[in-house]
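The chains carry the letters A, B and C, assigned in the order they are written, with residues numbered from 1 in each.
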Amino acid sequence: MPLWTVHHTPGIFSDAEKYQLASTIADHYEKVGLPRFYVVTLFQEARPEDFYIGGEPVPVGVRVVIDHIARRNPDQESRRRTARWIRQMLQPHLERHTGLQWEFHVDETSEDLWMINGLVPPPGGSDAERHWAAQNAATPY
Amino acid sequence: MPLWTVHHTPGIFSDAEKYQLASTIADHYEKVGLPRFYVVTLFQEARPEDFYIGGEPVPVGVRVVIDHIARRNPDQESRRRTARWIRQMLQPHLERHTGLQWEFHVDETSEDLWMINGLVPPPGGSDAERHWAAQNAATPY
Amino acid sequence: MPLWTVHHTPGIFSDAEKYQLASTIADHYEKVGLPRFYVVTLFQEARPEDFYIGGEPVPVGVRVVIDHIARRNPDQESRRRTARWIRQMLQPHLERHTGLQWEFHVDETSEDLWMINGLVPPPGGSDAERHWAAQNAATPY
């Protein structure tokens, strides 16, 4: 359910660094109880001529778009907590780049409009979800 | 209005299979009354080193992101019906791949923030919309 | 905060035309008070075999997806005004292409789930935001 799309200019991440970041992200969601296979991370490279900040092509830039589906924050304080939690995942991977602007935002969408392998995922926090998490696989329940 | 973005690893779809899937999707929306040209389907290929599930690069993976604008589901049951309707479109094209995880989710956004060729599309279900559907083109109304 | 993703078939924009469009977009947001560096514009080219309208691969096509975060429209009339304002930015760059279908939609998401360089952006319209705009940089405040 969390879908992370990481737009980046060339040279920001090696393949090994992409793997590390994707693992960090999956670790964090797993720690709060989500099945690990829910976490999809896509990297999309864009040339500076395709990546503009403030109307200027940038040599280095990272823009992360995150879709949250299985969990929804009930109020402003929990949304802000979620933003700080996401910052924790990204900051160690990004702050070593000099002159890099990195930005993220999260969109929250309905869990009713979501399926994995044609199955309706179990309700958040349910026994069935814990079973999916333990198996790390989507199985009929 | 429906915008389908199909993220996939290499080798999942041939160009002919992309065409077939895009046609299937357009057929379904047309059958429920939408102008066929509303339906945009984009395919975006990602190398396994750019496509992670549960923190691991995957040899095969499909992640579909769908934006719905012209129609909005009023309640949970209709959202679930929509999800099952989307499953029908995807499943025949995807279930033959062994070991493939495929996932989709839908985001619903406001029709007030949407234009085609600089025109405000007619209200859903209106005569003007039926005219656009019959012509399969956006014309001033 | 505004994130513009411009999906397009090959040959629609030269690099110089991408730069011009990205500048136009940044100019418009700056004029309404946003820090210029908030505006990120990404171009993503797709072959006709990856870009379908109404189930058919298209030789020319443009589909723009816009995320608005820092500002939210309170009602239908202001959403429609925003759509017309966006049309102004796009139309001069696109209407000269014969046979081109171009479409955009905007998604509005929560400012609480958004950070730049690990910082919570200041509230819209605040002195701190004006300071960021004047500096054109994200600094602790």
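Throughout what follows, a residue touches a chain if its C-beta (ideal position, glycine included) is under 8 Å from a C-beta of that chain, and two chains touch if they have at least 3 such contacts.
Keep in mind that what you see is a predicted model, and the values were worked out from it rather than measured.
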Between chain B and its twin chain C, rotation from the CA superposition, multiple of 5 degrees: 120
Interface sides of chain A and chain B: same vs different residues, half threshold: different
Whole-Å gap between the CA centroids of chain A and chain B: 21
For chain A, residues that touch 2 or more chains besides their own: 44, 107
Chain A-facing residues of chain C, complex: 1, 3, 15, 18-19, 22-27, 35-45, 67, 69, 107, 109-110, 112-118, 120, 136, 138
Residues on chain A engaged by chain C in the complex (per definition of touch): 7, 44, 46, 49-57, 61, 63, 65-66, 73, 76, 79-80, 82-83, 86-87, 90-91, 95, 101-108
